[in-house]
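Note that chain A is present in both complexes that follow, paired respectively with chain B and with chain C.
Let's turn to the complex of A and B:
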């Protein structure tokens, strides 16, 4: 559009209206106090032995060293990373299939789309309570009625299967936004591409593999990164389903960090938060690289 | 929905979501079906309808459970229809959780978040996009945008401490933090839209003697309305549905929002599933209603904010 003319410096040599500072600076100040300062505080306290109040000493990297061999920390990272990987895979496969279905010639297209988006607007903790009831009461009752032994016990009560429940509910809630991005990606493919493909005899599976998938590859990458990043933060749904249990088998990183507030290991969890921050930064850099690359196309 | 089509092509300085932001319903892009297949595909329609049950069944269970008697609620069949209908569950949940108070607090926090996000983000975006040649404004943009990559758990412990120190360990503090976490996503949408607005409009208003303040509030802000709708709805959903932040920041349990209330009362509901589900339903209904009314902005917002 007019991006090129806009790039011409139009205000050079002209004084900036002071009102513009009024528009920006209060927000900038609030943001610094509410986000930047706490982030900096976190890094600082991670090098102390503070318990959240009173005196404290600088202890260097003691907290970080302790973290490296702490089974509670390593367990939460292992669980969260594994859960995020499985969920991101499930969400993307299901969302892409749904998006292909929802962009093909079907009846009641708008109604179906509207239904599939609903999970996005429901509070995570509340839907987790609903599913908690289904997993703990309804599914076992169904399993007993149908004589399926493996369903008789709640999957949430078993340390080996509880994570499956968390994956299901997290995916349930995350599919809509992923789906909408795929729909946008599929709609951006010009119809001519498919017409040309059809002339060459591409249809069905071949059309999907040779035309659709390569053309939405960029969207798959973006959805994967966004999803993985979001799932690493998982908290609400886990609180509503297992609260980290049975035992500590489903404790996420966020849950472990928040425990620093009540658990007395304030500075220690600050170190945990700092490591988590570095992971977030690394993912952000990967994401920026990829989206930048795409923007240049 | 021409409004959304304006956005993408001009988003040159900010990272683009890989061409996302295209209008999902633009008529020119509509024909995407398999070639030579004019009639709706029955099989795909049926498969999708079946898949939609995964969304509808949990909602069906929530509604029907909320309408069952205590005896029927514990009979183990979650999928039966309520017989007889029991509307007293809502009254019971209303009294038990002191629903009106939590509803009022949730509404206030959400309203403050929506208004604060739209006003602060649009003003800051306007200042930034009209002074892009100034370092302060340009760097501020990237500084504010960086928060998009900052997970709440990283800053949570310090925020709990700080809000406690300054007397904001209450719904007011939650609203402030909600606004701050919505800023980056909202500014991304606003700045993209502002770059596409023709400069001439503002110039002619200036020639008529309007100040920057007047130009923004009387001319630019009304033009931003479609973006403000999207930004506002996402601020609404984020704030209304949030659990982690209010549960950690607000010290007084009697000042908690609706999602946190469900967790506080989870043990008291015990086996009164019907009352619990009535309570869940009352907490989630407003968001579903808002979504049904504003679908097109919700759907457009996701694709535009794909970078998030």
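Let's turn to the complex of A and C:
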């Protein structure tokens, strides 16, 4: 896609050296071979009854029809959407507050920034296993020691609360990258604006509401959309924390799709993946529209 | 019985392993560009697929010995590839010793595995054991899979705790409940459950309770025949047939450690090693782990009695390793030669002895390890079943459903969902 975008204005110029197209070729070939082609094949297989190998028949839209009434798939969409919304909210609120703190005049600013960014460099599955241990052992032990009954059992062991654990861990990992974008956004606000505001008597809450927030609004939009799209794809952290349980209460869309490969339900889950892909495309288009609009302003 | 000595030096087996992986990788590369039937140095090279983690070193040594014993075939041990990917690419191994289950049966069912019925070794397999293969699926006129190693699972119990409280191994459901009662009143946790990991529920309590009350193979045969009509109004369904065993499963779940929902597989083994609980519903793979934590633990096994009749007791088995040769292999005769080597009684029996498993041939010696010796009679008399959770296609998240039931979800509602899933799958198949 990006290749096409770049090619258009150059062709208009009519002075492009053909060698540039040569530079594009490797990426274009890799992209086509590794992403476009397999995706197209996946869409094709979603109209068959293939189990991943051997003979298959065309079955039309049977898979799509069966999907529409499958509680396992609908449940995974419901869970994933809800989870993504809550997480995106939590991540952005916390990251923005942290960013405001980390760009104000406090001591050890750089050291603190480094500390807050650490979760970003740890692999998701490791984070998940560590938190799994904390939720299952440390927190209940703490609850027992303090006599807090509601903490005595792991929140991951309860179908009604397991999602909270997943939100906490996902947010913990996702906050740093969001935080970095907010810090960049806050640093881009010229100091003069605050000075002018201060002369007019704005301080504290008023300053935040009338100066800071409007000027980082663009970053909030980007962080929200990128975050939402990422959380829809959640897989590794959930596998490490609950493996979709208890019951099927925390099965994400990606986990359901993957079960098609191991469970011999390839074509069916390809149909699921196709729908999921269309949703992702829709979100990407919204993102593109909004960010283009911002760039024009 | 003469047993061939096995080199146990870690260096050797590791080198062999790494060499095997490298060679397997090279073989994969070659397969892409060279015509099949590659010969290296005049020897036919075949790929042997085996990935059971505990046994990789063992089989690597075996492969080395086979390679040294003759000069026409060179076996390369592949312990890392994905088996489904191999079949999808049309590039499966030439021979495999692999767990046999519903997912493998899929390949067999579509004719991907060659017929081995003409091999003399096929005639040495116990018919009841060969029958286990057919319970998943069959291919007309073929014996595509030879069972190599059967693991049997039942209740793991702490013999010392049983003796201390004067509890005999229970033979009926009532006796079992009474035993639990005795432990509870003495302040001992009767059963240690690890519900955090769904598979431990499915392969433990769920399979034991259903297998102890139902004819599992017959149930799924009827379920498959019923197909899209499975449900309350049909002749067979999870909701109706599993209601009673599942109720008892919930009852047993309630007799487990209070923190069962947040405990995992490893916690269960540790608890047994430390004598924290009297019983654990796990397979033989847990025995080694328990012994590792506490070499002095006195552990035994007995089948979970689910009815009032002691004769109804059965153990859960699975086809831990089975041998097969893909139809698409171009070097079947070499693969068959290696298969014969693996099936030689001294090699075959030694493997099963070393890995706490039961032999599959009519001449296999009984097990001797005191931890599993309690299951030998049941195995000999074919009083066994394959777990109900293993006969459900993975696309239905049965393990998660069962975990949901023991952690508080409605049993009837969940079983009804499983029926609906079954119908949907039958519709698409």
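Here is the rule we use: the second predicted complex is superposed on the first by the 274 of 297 C-alpha atoms of A that agree within 3 Å, B and C clash if a C-alpha of one lies under 4 Å from a C-alpha of the other, contacts with A are read in each partner's own complex, and residues count from 1 in each chain.
In the analysis below, a residue touches a chain if its C-beta (ideal position, glycine included) is under 8 Å from a C-beta of that chain, and two chains touch if they have at least 3 such contacts.
In this text the structure is predicted, and so the values were computed from the model without any measurement.
In the overlay built on the shared chain, the residue A:52 is in contact with chain B and with chain C.
Residue contacts after overlaying the shared chain place A:83 against neither chain B nor chain C. Of the two partner chains, chain B is the only one touched by A:232; chain C is not. When both complexes are overlaid on chain A, the residue A:260 reaches chain B and chain C alike.
Looking at the shared chain after the overlay, A:251 reaches chain C, while chain B stays out of its contact range. Counting the residues of chain A that each partner touches, chain B and chain C differ, and the larger count belongs to B. Of the two partner chains placed around the shared chain by superposition, neither chain B nor chain C is touched by A:163. Residues 52, 137, 260-261, 269 of chain A lie in contact with chain B in one complex and with chain C in the other.
By the touch criterion stated above, chain A contacts chain B in their complex at residues 1-3, 6-7, 9-12, 16-17, 19-21, 23-24, 26-28, 30-31, 33-35, 37-39, 41-42, 45, 52, 98, 101-108, 112-127, 129-131, 133-134, 137-138, 141, 172, 176-177, 180-181, 183-189, 191, 194-195, 198, 203, 207, 218-219, 221-222, 226, 229, 232-233, 235-236, 239-240, 253-254, 257-258, 260-261, 266, 269-270, 273-274, 276-277, 280-281, 283-284, 287-288, 291-292, 294-295. Partner chain C is touched in their complex by these residues of chain A: 49, 51-55, 59, 62-63, 66, 69-72, 135-137, 140, 153-154, 156-159, 243-249, 251, 259-265, 268-269.
Considering their complex, residues 6, 9-12, 15-22, 24, 26, 29-42, 44-45, 47-49, 51-52, 54-56, 58-59, 61-62, 65, 76-79, 120-121, 123-124, 126-128, 130-131, 133-134, 137, 140, 143-144, 147-162, 176-177, 180-181, 183, 195-196, 198-199, 211-213, 216, 237, 240-244, 248, 258-260, 262-263, 266, 273, 276-277, 280, 283-284, 287-288, 290-292, 295, 298-299, 302-303, 306-308 of chain B touch chain A. Note for the complex: chain C touches chain A at residues 84, 87-88, 90, 103, 106-107, 110, 112, 195-198, 259, 261-264, 393-397, 400-401, 403-405, 407-409, 414, 417, 420-421, 424-425, 427-429.
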